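Listed after this line are the structures, all set down as structure tokens.
What follows is chain A paired twice: with chain B in the first complex and chain C in the second.
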Partner chain A sequence: MKIVLNHLHVQRGAWSLVAHGTFEEGIHLVSGAVGSGKSTLALAMAGLLTPVRGTVEREDTKSLMLSTQFPEFHITGLSVADECGSWGLDFKTVIRSAKLEIDGDASPLTLSRGELKRLHLACVLARQYDLLLLDEPFSSLDCTEKERLCRELSGRDSGITIIFTHEQSIFPRVDQLWEITGGELCALGRTPESLTRWQHAPVLVKKLIAAGRCPRNLTPGDIREAACRTHE
Partner chain B sequence: MQDARIRLASAALVSVAAFTSTWGALAVFLWWLVFSPRLQRMKNRMVILGMIVLISAVALLIWISGGDGFSYFLRMGVIVLIGSWLYTEQEPGDFLSVSVWALGRRTGFDLGMIGECAMQHAESLSRDLVRIQIATKLKGEAWGVRNLVPAGFILIHDALVRADDMSEILAVRGYHKGGVLCPGFQRCHWDWVAGICAICAFFFAIIPVSEFFILYQ
Partner chain C sequence: MITIHALRFRSLAIDTLTIPPGITSVIGPNGSGKTTLLRLCAGIVVPDAGQIMIDGIPPRETETGWVNEFPDKNILFPRVYDECASALRFRHSPCHETDESVHRIVDTMKIRYLLSREMRVISGGEKVLVALAAALVTSPRLLILDEYDSHLDTTCCDHIENVIRNSGASYVIRCTQQMEIAAQSDHLLFLENGRVKYAGTPAEVFLSLSGTAFYPLSWRCGI
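Showing the complex of A and B:
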């Protein structure tokens, strides 16, 4: 199971992005500044944007899901129960897993952005997809919810999970690190080796690396362990 | 066509011409062939195709019931093409500029802004519909008739929320009535030719040309 970007070239007006590389099973983090092209790349990888040149080849990925940055973009149901039903899920199970206290008859359009994001992510993560593309999954979430989401994502042991984010504080376990700089997707390699090459690395990670305490991964536990490490 | 004033006036004239008579519709179709980029830059082709199919169905019913279905098809089809051309050529700010130029900074500005907001909402509705279709597809459902009702509700809700946000922004920025705008228009000789031909098509449609020739004989 893998997804191959074969000299992919996507363009929007004067802006363009070039991507070449192979995403295999595991959790991938695609990092980049705001406006660097993360969402555009996610759309292209989901087959929702036609590239100018190059191809996206998905091998043995039978099921695909793209979670966009804006949860309201996924609403197709008139009530919360309908919305859960449109994902093929039971309303009560979803709100329990999202830790929400909302009525099934309520319109999803009346929920706050944070509530809607939690509901949407609960629907997405309730199913196992071979290829899961998460565009800014941490936006609109508070720290507690970000940590809970990271724990869920870190627990994914099959399929390809690609997280597109400019998040700088809380991360799940990451197997492979990618970065978009200067209109190009760069493969930085596997963690933890790739952390030293990460230009958009959070300040704390950079400081830990500078102090010779490179974290083993990016989870809050790994960062804490590196910060408290007294010797290598 | 660069000049928004000539474009809007031409669209109004040829729409009336196409609606008035079958010969007028034919003249406007020729005008559309000559002065528009035809299908090359047409936006929302699927919507246009859907409308043509709908018009064809109605025309067929008229023809079956003994009416002039062909005339209906031709007149409505040409009006759809003109509407599509106008929508494709429209640039943000055109309505505001033309309206201020024609009716001044008070009424003109207000009417122009309403027109601009309406165009912006039309664009947003079109984008929202596409993203609802994408969301449905991602959930593994096929897009069909049963999706239309929830999609319609979501589109209306989003449009109302957007209108509410827009009114709040305008109020916060101090908008009360009217505004200052110095409209500027670019035009080329071809704009004038198209405008004059639109006037000719209009008169061709409203003047009973066949009766004129009978009288001449």
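Showing the complex of A and C:
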């Protein structure tokens, strides 16, 4: 199972992005500055945006899910129960997994942003997808929920998970790092070796590396473990 | 000072709260009432009971800049320039003054390259930056930012932190889920179940939150 970007070239006016590389099973993290094209790349990888040149080849990926940056883009139900039903899911099961205390008759658009994001992610993560594209999955989530989502993502043991994010503190286990710089997607390689090459690394990670204590991965536990090593 | 007295609005209840000038971050679990408090301070909604006063003036009579985390909800115009100029045009500012102000703010924010773009084609983070420019173009006394930072990269956040600090706004109230950013604030409020559970300096409030996911990771690591 893999997804191959074969000299992909997407363009919007004067802005363009070139991407070439292979995403294999595991958890991938794609970072980049504001406006670098992360969401555009996610759309292209999902087949929702036609490239100017190049191809996106999905091999043995029978199921695909794209979670967009803004959860209200996904809403189709007039009530929370309808919304869960539109995903083929039972309302009570979803709100239990999202740890929400909300009424099934409530309109999804009356929920707080964080609650709506949790509802949406619970619907997304209720099923296993071969290719899971998550665009800014941590935005709007409180810190407790970010950690819970990271534990859930870290536990995915099959399929390709690609996270496009600006998150700076709380990450799941990441197998492979990618970065968009200068209009081009760059494969930085596997963690932890790639962490030293990561221009958009969180300040905390950069400080740890500068102190000679590169974390083994990006989970809060890995960061704390590396920090403790600095105190030895 | 911003003073809040006997405030009641839906599930939010604040008996007494004083917010000094400076940058105040509002943190807390999802659904705790953070955005509701921000909307009340901005005068977007009015309380069911009680009052908010900003240096003795009600929110709706205060020059306020507002940035929504989902800027699509607030966009009025299709072109970035027009969006940035909107508040000045609504008050019938002379065209040349409007133009100067727009160019000054986009230069300060380093987003001049966006001016001729259409809102629908720019990224989520860029929309937040445009919304912030549109909010700052009138030099508001009160600036309210609702999770503006969740779509911005670190370098951008650092720059915007300086822009906000130097904006001239007497009060900045912002909601954030990035605890490293909250730690840079002058004051911190922690909301839970519609109540202000902790208020004080970041050091004071985070001391009460040690052992929780809200305690900044850099502080946990001693870095």
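In this text, the second predicted complex is superposed on the first by the 229 of 232 C-alpha atoms of A that agree within 3 Å, B and C clash if a C-alpha of one lies under 4 Å from a C-alpha of the other, contacts with A are read in each partner's own complex, and residues count from 1 in each chain.
Simple rule for what comes next: a residue touches a chain if its C-beta (ideal position, glycine included) is under 8 Å from a C-beta of that chain, and two chains touch if they have at least 3 such contacts.
Note that the structure is a prediction, hence the values are computed from the model and not measured.
Trainee: Can A:69 be said to touch chain B (first), chain C (second), both, or neither?
Mentor: Touch partner of A:69: chain C, not chain B.
Trainee: By residue count, which of the two partners contacts chain A more extensively, chain B or chain C?
Mentor: Here the partner covering more residues of chain A is C.
Trainee: Is A:208 touching the first partner chain B, the second partner chain C, both, or neither of them?
Mentor: A:208: touches chain C, not chain B.
Trainee: Quick one: classify A:176 as touching chain B (first), chain C (second), both or neither.
Mentor: neither
Trainee: Just to be sure I read the superposition right, which of the two partners does A:154 touch: chain B = first, chain C = second, or both, or neither?
Mentor: It touches nothing on chain B or chain C.
Trainee: If you stack the two complexes on chain A, which partner ends up touching A:224: first (chain B), second (chain C), both, or neither?
Mentor: Touch partner of A:224: chain C, not chain B.
Trainee: So, does A:194 touch the first partner chain B, the second partner chain C, both, or neither?
Mentor: Touch status of A:194: no partner.
Trainee: Which chain A residues contact chain B in one complex and chain C in the other?
Mentor: 72
Trainee: What residues of chain A sit close enough to touch chain C in their complex?
Mentor: 12-13, 31-40, 69-70, 72, 111-115, 117-118, 136, 138-147, 166, 168-170, 200, 202-204, 207-208, 220, 223-224, 226-228, 230-231
Trainee: Please give the residue numbers of chain C that touch chain A in the complex, ascending.
Mentor: Residue positions touching the partner: 28-31, 35, 69-70, 72, 117, 121-126, 129, 147, 150-157, 177-180, 212-214, 216-218, 220-223.
Trainee: Which positions of chain B touch chain A when the two form their complex?
Mentor: Touch list, chain B to chain A: 131-132, 134-136, 138-141, 147, 149-151, 153-154, 157-158, 161.
Trainee: Quick check on the complex: what are the chain A residues that touch chain B?
Mentor: Residue list for chain A touching chain B: 46, 48, 64-66, 72-78, 82, 86-88, 107, 109.
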